[in-house]
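One chain, subunit A, appears in both complexes that follow, with subunit B as partner in the first and subunit C in the second.
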Partner chain A sequence: MGVINFIIQNILTQASVTIALIAMLGLILQKKSIGQVISGSLKTMLGFMVLSAGSSIIVSSLTYFGEIFTKGFHMQGIVPSIEAINGQAMNELGLGRDIALTFLAIFIFNILIARFTKWKYIFLTGQAILWMATMTTVFGYFAGLRGAILIIVGGLIGGIFAVAMPAIAQPFVRKITGMDEIALGHFCTIGYVFEAGVSKLFGEKGEKKKSIEDLKLPTQLEFLQDTYLSVMVVMVPLYVITAAFAGEEFASSLSGNTNYLMYAFLQSIQFVVGVYVLLSGVRLLLGEIVPAFRGIAMRLVPNAKPALDCPVLFPYSPNAVIIGFITTTIGSIIAMFVLPVFGLAMILPGMLTAFFAGGTAGIFGNLTGGRRGAIIGGIFHGFFITLLPALLVTIFNSMGFVNATATDIDTVTVALLYAWIIGPLLKVF
Partner chain B sequence: MRKLNILFVCGAGLGSSFACQMAAEDVLNRLGVCQCNLDHGDISSAASAKPDIIITAQNFQSQFEKFSIDPSQTTIVYLKNIVSKQEIEEKITPVLKEKGVLA
Partner chain C sequence: MFGFSMKNAKESKKESSEEVTAERKDEILRSISLKKDKINQSSEEEQARIYEEIGLAFNELGEEDNAIDSLEKSIEIKKSLGDGYKTLLKLYNKKRSEAAKANDDELLQIYLKKMDRMMQISKDVTRGVR
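The block that comes next holds the complex of A and B.
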């Protein structure tokens, strides 16, 4: 008994070990050699530790930013970043093991649903599943679920979304790519369909509908496709202007011997460093797990359709990606100023999501409503994906998250499902 | 024999480059080319990685043209559908022959 207790209390509570064991299971099921099993498991563990390191970099930068923002503007400024939420939940809140097990449970439920229903989608975007597992765990925990129930409910809901989201996007994806072999696996799908609807309503119709791809965009905008660079372009002015508003006296008290504006500049880069490190960790973490899942799922589910990350669609409509990014950013800036009027928190523009979700939404908008549809739909999309995370801020604050809220609108929808339906139901029974 | 390094690139180096890598792995296995190291990464670090082949999506072409990547060392392959095995096979076969790993 002593040995088993030791294993449960000291080894399985370590999230890095749990996730490495999941990878090991996948490698063994694929009948890899012992060498590959060991190196793959260790690499996965390394990935988790790198992710944690990235998370602490983000947290320290966000803590600084929160202080100068509160001083400068007398309100709380929230950075929307699912990466920051994941990092903090894994480390500071100690939910890492539950998240890792939910991650595995979502895979299993996804395979079961795809195997026994007519929706044959296998969701292969590993980081999106990780974000989904994070949100079901955090909000399930908040709703009062614990242990195995927390993981099974999270796995079931995540599994349903992993099949349902590619399914509702598929009619559009078929038109965009001109084929039916691939599906879209990205948990921002509700936003894409929302933009497609708005664009259909307000966009160009029939003969007048002109695709944005017929335009020639200025080449200077192309650097925006470099993800980390475009995050920096926004974070630098955000930090430096905020530090200027906070004033030299206050900001200098945080910056030590460095000039306060220089310090703000360096901290803004530091935020991007954190995101970069965290995502490198995710890359290592998923490098072994996703191919294993793919191999197993494709064998168990006949005619499986892989649901892949959104940039798979980018080459089909590159102009719409840029326009979608810009209009979504404009929409989220409008929401930043409008939401506090209604008593909600001020949500700063989240550049990672504005690029990936905004870009993909732009493709959807261009498809249903041409140029005008893509532009109007994009602004609505930006507002929409800022509004929903704003509703989560009080819950995140009460759980001890630092100045951050989630992105990726499908995971936010799941969180609201927990907060508004599952939680109250649990209290009744 | 020296192993061929192939790097798959997208904006964040997470999702679509990885999907492309997995599709390409199937193609390489079918072609019987095993002596390759496959990895995926983001565009910011791709310029300094110096692999033998870079495989990326068409929409990154104008950016790669601004990088100073030595064409004698690194061949860049652009794909329209980055998970299409047919397109990958079509475009990668001449490159593999040129690099001497495919007869």
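The block that comes next holds the complex of A and C.
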């Protein structure tokens, strides 16, 4: 009995062990050799540890940034980073094990829904499912759910979204790609449909509709070539300017013997280092789990429609991606200044979201409203995807998250569903 | 929603499955063989284009494995997001679906990985990574 208690209390409570066990289950179900099962499970565990290390780096950099921002601008400046939210939830908040089990539950519910209903979508973007599992767990926890219920409700809601989002995008995707066999699996879909609606309303109509693809635009976004470089392009000026506003006296009290501006510069690089380490951890963590479970999903739902990551649409409308990126950035910057006027936190722009979500939204906007639609729709989209995460800031703060909010808009919608509907309902009953 | 329907998807499906006439088949085969002769004397960029054209021609003939082989060579030489890319992704997905139906996990994983790679190529080309 003592041994069993020791295992339950000291080993199974460790998130890294739970995650390794999930990977082990997937590998065993795939009938891998003992060697592959052991190495795969250990790699997954290593991934979790690397992710935790990345999270600590991000938190220390964001804590510093939070202090100088509050001093410099007398308000909270929030960095939109789903990675930072995931890292903090997994480690600092101790929700790693629940997130891992919810991640598994989302896969299972996705398979069940696809197997037994007419919606045959299997969501293949593993990283997006991890972000979804993070948000259902964090906000389920906030709403008061614990233990198995937290995981089952999170799995069910995440599983429904994993099928519903590709399903609502599919009428557009069919029109964009000219085929029905492949779907879009990216948890920014509500934003895409929002842009399509705005673009339809304000865009060109009928024969007057001119596609952006008829324009000649530069096809390459050189500064975005490297993920980390593009994060740096935003973070370095953000930190240095903020430190300058915070003033030498205050900023120097945080920088020790280093010059305060130099220290801000180094801290901004530290943030990028944190994202780099955390994402390397995520890759290691998902490297074994995702292939195992999507193999199982595909065999259990043989007529599945694979829902792929957003770059699946880029080849069909490359100019719209550029316009979408630019206009979403403009919309986010407008929202950054407008939202604090209404008492919300200032959400700083995030280059990667603007590129991937903005770019894909641009394709939707161009489809329904041509050039004008894509431009107006893109600006609205940028505002929309900044507004929704801003609504979560108070809850994140109350739970102890440091200076960050989520990005992918479908996961934010799920969070609001918990905060505004599920939570209050639970309190009533 | 927004006036879209399944009609277009169905139409495009019908088009692609249309049989190629014997005459057209001869024409395509001749063009493939001419193109193959040209490959060795061409620059890298042209090679990528020729392989893409050969792949698309094989696809029209319904020779999927040959089409995949040529389209993969084209993308290996130069990443691009043209018709070759779109056809290759479609063919991978078809092969993936066949592997799933045959319950062949190994083959299924191969095609899922190849589809992942296509997503990376799309990201890279759009962001201008060579």
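Note that the second predicted complex is superposed on the first by the 422 of 429 C-alpha atoms of A that agree within 3 Å, B and C clash if a C-alpha of one lies under 4 Å from a C-alpha of the other, contacts with A are read in each partner's own complex, and residues count from 1 in each chain.
One rule holds in what follows: a contact is a pair of C-beta atoms (placed from the backbone, for glycine too) under 8 Å apart; a residue touches a chain by one contact, two chains touch by 3 or more.
These numbers were taken from a predicted model, which means no experiment stands behind them.
With the two structures aligned on subunit A, subunit B clashes with subunit C. In the superposition on chain A, A:279 contacts subunit B only, with no contact to subunit C. When the shared chain is aligned, no partner comes close enough to touch A:245: not subunit B, not subunit C. Looking at the shared chain after the overlay, A:228 reaches subunit B, while subunit C stays out of its contact range. When the shared chain is aligned, subunit C comes close enough to touch A:304, but subunit B does not. In the superposed model, A:196 makes contact with subunit C only, not with subunit B. When the shared chain is aligned, subunit B comes close enough to touch A:127, but subunit C does not.
In the superposition on chain A, A:182 makes contact with both subunit B and subunit C.
In the overlay built on the shared chain, the residue A:314 is in contact with subunit B and with subunit C.
The clash between subunit C and subunit B in the overlaid arrangement falls on one stretch of those listed (4-12, 22-30 or 76-84), that is 76-84.
The contact surfaces that subunit B and subunit C form on subunit A in the two complexes overlap at residues 124, 177, 182, 219, 222, 225-226, 291, 294, 306, 308-309, 311-312, 314-316, 318, 321, 355.
Residue ranges on subunit B touching subunit A, taken from their complex, read 10-16, 18-19, 22, 25, 40-44, 57-60, 62-63, 79-83. Subunit C contributes residues 1-2, 4, 6, 8-9, 12-13, 81-82, 85-86, 89-90, 93-94, 96-97, 100-101, 103, 105, 108-109, 112-113, 115, 118-120, 122-123, 125-129 to its touches with subunit A in the complex.
Those residues of subunit A whose C-beta lies close enough to touch subunit C in the complex are 30, 124, 168, 171-172, 174-175, 177-182, 196, 200, 219-222, 224-226, 291, 294-295, 298-299, 301-304, 306, 308-309, 311-312, 314-316, 318, 321, 355, 359, 368.
By the touch criterion stated above, subunit A contacts subunit B in their complex at residues 124-128, 177, 182, 186, 219, 222-223, 225-229, 279-280, 282-283, 286-287, 290-291, 294, 306, 308-312, 314-316, 318, 321, 352, 355-356.
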